[in-house]
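Across the two complexes that follow, subunit A remains constant while its partner is subunit B and subsequently subunit C.
After this line comes the complex of A and B, so read on.
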């Protein structure tokens, strides 16, 4: 125990001495949270829609006003003399709404009057959103204006749960929090471990009779402490600037965070023990900690969107389980019944990393 | 009990038939060795001889392929609590302070916290570095890093110290202090096994073993090894060194009266069987050839002589092709190549170099020596035009301005131990790159490359990655690369550190040949033994050039005498004398005590003998010895310090 403590004290001293490590540990996660929390947004607003009104009647004006009132669209009057696809080529609009010249007459008669919506499909996600929203606008216009005389059709009243304002900040905040905890503690752990091999200080460690468990645990505990400091800092920002709070029982979150810190620190130590070269070890952690967690754990991109051929990979990504627990704690509030098995999986993955790190170091000798 | 078991029982370190293989490479091929408690045992050998592997097995950080390695009867790995291990690169944490390093190492070894503090402070005081407790280890000078590493290793109070080339890159003054400390510790009962490529250090061991290609070739006390040659060393001073060397080379051979000849800065060293017979031969051959014999002195052979002879018998000599010199500079001989008048360099309030004036002529080998922080590096940077002096005039290759111009740079060659070659390129690619950079004519590149490969003993290996070569071999390639364009001025900054004695001889033969062809050469080194190869030397202390002259002139200008005593309790005698005299005047070389005195020799011998005997010890022999260049260097530095010239490390 004393030697683990000695190891932790030494590592912490080194981190405090090393400005770069310290800023990696504390400042970068905050910057990441603030920047990405504000910059990433997949909701759409103010999409430019060009309107060719061939009818130019009071009815068509009312219909266009319905689009104008939507926050999703930004209406641009478009000359009827120009071919509508010009709007796409000139990059003036993402969609063109064409109202035929018999629109007002048809409405007055109470017959169907098709309008045309041309959508730029080069960005399929946005195109799908435009299609959906424009159908909604048309529907609500139908119900309020054209079909007043007829039987009121069933009205779908949509309400968003968990994130009622559909604020992307609330959705992405937890994701970026998880990303920061997945990246910086293992990065520091790997640098600290690889450095011992690179600078040959590991020889002094080998010469003493410290066991592999004591050595590795010393490293891991240090970077767990770093992870907790980061966690507290980031939570403070999430609770203030991002306006989040615990939605229910916080104990699954606390237990999972301890296990997750253990898991990622073990991951970093494992890589650092296997690759005694700081630059290479850092690359490996950046790949594991950043790319895999960023891409494959549903932080930003829903897991359902990952191509099926590699979707199974996400089952092995530790960040995937932790993000669910964090979202549950901060948004849904499902508590232990909802997430207990995910906490368990994090513990299992963490012990696998620990075992691999230990296997690599267990002889505490140079490899011949 | 078998004989070897009895041996093992009284040995501090016992190695029997030790093998270590890395894949196909056999690093250690059946070493057997016993080190007695309290002994300083030297393992001497070139790079790649298997020293480091042996140490790693003894330290318990690597498994042997087969054989036994035990420490006080226990297998090395289980005896880790009894051993302290200093690696080539001091494994200190540069971002921890001196105390924190000691603390961590002590904690790892489970030394009680208050003991760590107590012992740590004791060793820091002993090493005179208690002022630096809170300094980061990375900010210490080379000598202090080494002492800190030693303190860290000593805090757990080991019974055996394993020191793997602990003095590489450490200046002579710090090395002398380090060795005094080792002698002190050994006298206290500590067993020390030490590896070094430098044979002047081996002289300070109780016993040494020559190790080469994974095998021990020879074991004994330094005196025994020297005696095993059955020869004498003859120092020959003559007016024309290269001419005399050429003639003697034709006479010398393993079966001849003259066994070997080696050229130094102002003399030739001959290994001869019978001095009288050899002298007759010399007179009969040199004088008819119009050469003079100015002086002949007979002395004991050095350990280096023994080492070279042993390796020669094993057929390890480097036979390189002659250098394909195309552009001699003989017409320049005698002109000033590097001239400096009152050079001064200030960094803020700190004056790194004070009024250095020197002239180095074409065809001359000049050695610049100094302790760490003496201003050597700054001086060299100014001399080769990399750094603008604050005051003073510089002249380089006949120019006094525009020293960085292409035409001046084309005439300069530079090789440094720190910057040498690109590790991730093959040897061939490196040589081609440097040939291109230095503008070696296209038609000469082929033969130059062939020569570098033959000089380095790497024929047929040109496609090997440079990074995979041991340091000593890299140095040879780097040296070859630096002289491909036949510069008329050559700067060599510690060119031979980590190079084994045979290869070092090949280096110096080449350096001499370049000088004969008219090249001006400036060399720095921490090894005074090597400095004897220079025609002229300059000693720097605290930014000033305090002494200048040929090795012999410097030695004879040294006032005072060197007294050598063999005493029954050398350590006690040393400690007693050190309290009476200035510390630097007394040091221990194995079992011999050296005392430097300013008094008349015979009187000083009498006085010292009676002092030792008054303290109840016995003087076995006492005689006047000859100063080594290192003795001179250290007394020059110490005397300059007493006049207030020193660079504070604070």
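After this line comes the complex of A and C, so read on.
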């Protein structure tokens, strides 16, 4: 035990004295959270919508005003003489609203009048959002404009659970938190372990009385401490700037965080022990920690959308389970019944990484 | 005249020969420049997909009448919702939503049919898991759309007629604005078209910058930079000679990637392909420019890679490559405006999918060119400063 702690102390001193590593450990996660948590969002506001009002009557003006009032759209006037797709080719608008001739007259007479929304489909998700929102605007205009004009037999009352304001920040913030914890602690662990091999200080370890378990645990504990510091820093930001708080029982989150820190630090140590070259080891961690977690864990886009031929891979991605736990703790509050098995899987993956790291180091002698 | 002399001067020719020979002998570099980006393009574009479909819908049907079953079948017959089970209490369904077994739930009240037949409006409650804001917004659109069409089909059952009678007298009744949406350029709303064109630029910049940085720094690491400085060539010549082979290799990558975009992802090529290639060439140069600037700040390939950890998140998030650029918050928008990834993705998307020409894309080309020139000049300046 004493030897492990001596090693932890040595490693921590090394990190504190290395300015690049220190900023990598503390500043970069914060930067990542602030940047990506804010900027990654699929829901857009102020979408430019060009309006071609062929009618130009008081009714059509009221109709356009309804669009002006919504925060989703930003109405820009557009000449009726130009073909609507010009607006898309010039990237001036995301959609063109076309109000036909006699719109006002038809409405007053009690005839239905078709209104067209032409949407630039090259960004399919935004196109879908525009279609949904514009239908809502038209609907609410219909109900307010015609007074008791027409009663819809069935009405949908839609309740948004867990994130009533539908804030993207609250969804992506926890995701980026997981991404940061999946990338930086293992990166530092890899660099520290690979450095021993690269600079041949590993020889001193070999000749000392330290055992393979102690050596690996020393490294892992160090970077678990780093991970906890990062976790506290990032949680502070999530709780203040992102406006999140624990939605329910925080114990699954705490247990999972300890296990996840162990899991990722073991991953880093494993890679570092296997590849005694800092640059190559770093690339391996960037691939495992960043690329796989970023793509295959449902961080931005849902896992169900991954083609089935690759989707099974995501079952092995440790970040996927932790993301679910963090989102549950901060948004849903399902607690232990919802996530207990995910906590278990993180522990299993972590122990696999540990075993692999140990197998690599166990002989504590130079490879023949 | 001077430019021609510069470009075809024997000094630069000699340097180019050296650089190309170096690249030719370094098979690994050549492979690493072409193969991984192409694979990444394939993988990323298959995996990153925002399409919302087959949402798991739980149903509480307290009415249990033909009418209510009609509503549930209308809800689940489209690709938007998939029936995931009947529930008997809202608590049970709430649990299922919080465990992630359901994405949405619908509650049909017990007096559903009775109220409809009496000609009173009924409210059906939808519960959506709004954790993912985007999915929730799209699911809301789906749900309202389904209810809207359902209301129209009710007319056939005689219920609608009763509603028209109850509603305001025919004279004062006003018409409805019926909104129809049409999607131009991508009527099937294929999600990959957007992602693949964004990832394209992302890969050019990220790979270009890191490869350029490592190859610049290598000379310093191995000490051969002294020899390079001793030769009679100027700084510009050294840098141009360094850039040329990388540009050549990256352009090969662009050709491969374009083929994949065309044949694997079936993205239409509406516009002139030369515009795409011109944009890609400028994008490669700006990527290399970023790399050479990074290289002048670092002393080893390893450090250059570490530094790229600081630069890449900035470039990636403020790019609009996989998420819409408008969604980037205001304080980051200046970065979006100068970001080469952003401008290339606009060029790629507009020219490929919409067929825009130079007359509308010139501002993007202009920004890309300025960015390249600034970056290369900056690296030349830094390089010179280090010499003295």
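Going forward, the second predicted complex is superposed on the first by the 363 of 368 C-alpha atoms of A that agree within 3 Å, B and C clash if a C-alpha of one lies under 4 Å from a C-alpha of the other, contacts with A are read in each partner's own complex, and residues count from 1 in each chain.
The rule is simple: a residue touches a chain if its C-beta (ideal position, glycine included) is under 8 Å from a C-beta of that chain, and two chains touch if they have at least 3 such contacts.
No experiment lies behind these values; they were computed from the predicted model shown.
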| item | value |
| --- | --- |
| Subunit C versus subunit B on the shared subunit A, clash or fit after superposition | fit |
| First (subunit B), second (subunit C), both or neither touched by A:127 | second |
| Touching partner for A:240 - first (subunit B), second (subunit C), both, neither | neither |
| Between subunit B and subunit C, more extensive residue contact with subunit A | C |
| First (subunit B), second (subunit C), both or neither touched by A:79 | neither |
| Partner chain(s) touched by A:199 [first = subunit B, second = subunit C, both, neither] | first |
| First (subunit B), second (subunit C), both or neither touched by A:17 | first |
| Touching partner for A:91 - first (subunit B), second (subunit C), both, neither | second |
| Cα-centre angle that subunit B and subunit C span when viewed from subunit A, reported as a multiple of 10 degrees | 90 |
| Minimum distance between Cα atoms of subunit B and subunit C in the superposition (Å) | 6 |
| Set of subunit A residues, in rising order, touched by both subunit B and subunit C | none |
| Footprint of subunit B on subunit A - complex, ascending | 2-3, 5-6, 9-10, 13-14, 17-18, 199-210, 364-366, 368 |
| In the complex, subunit A residues that touch subunit C | 20, 24, 28, 31-32, 35-36, 38-47, 63, 85, 88-91, 103, 106-136, 138-139, 141-142, 145-164, 166-168, 170-171, 278-279, 282-283, 295-296, 300-302, 304-307, 310, 324, 327-328, 331-334, 337-338 |
| Contacting residues of subunit C [partner subunit A, same complex] | 43-44, 46-52, 54, 71, 94, 97-100, 116, 121-138, 140-145, 147-148, 150-151, 154, 159-160, 163-164, 166-168, 170, 172-187, 189-191, 193-194, 301-303, 305-306, 309-310, 313-314, 317-318, 322-324, 326-329, 332, 346, 349-350, 353-356, 360 |
| Residues of subunit B that touch subunit A when the two form their complex | 20-22, 56, 59-63, 65, 77, 80-81, 83-85, 87, 89, 91-96, 100, 103-105, 107-110, 136, 152, 156 |
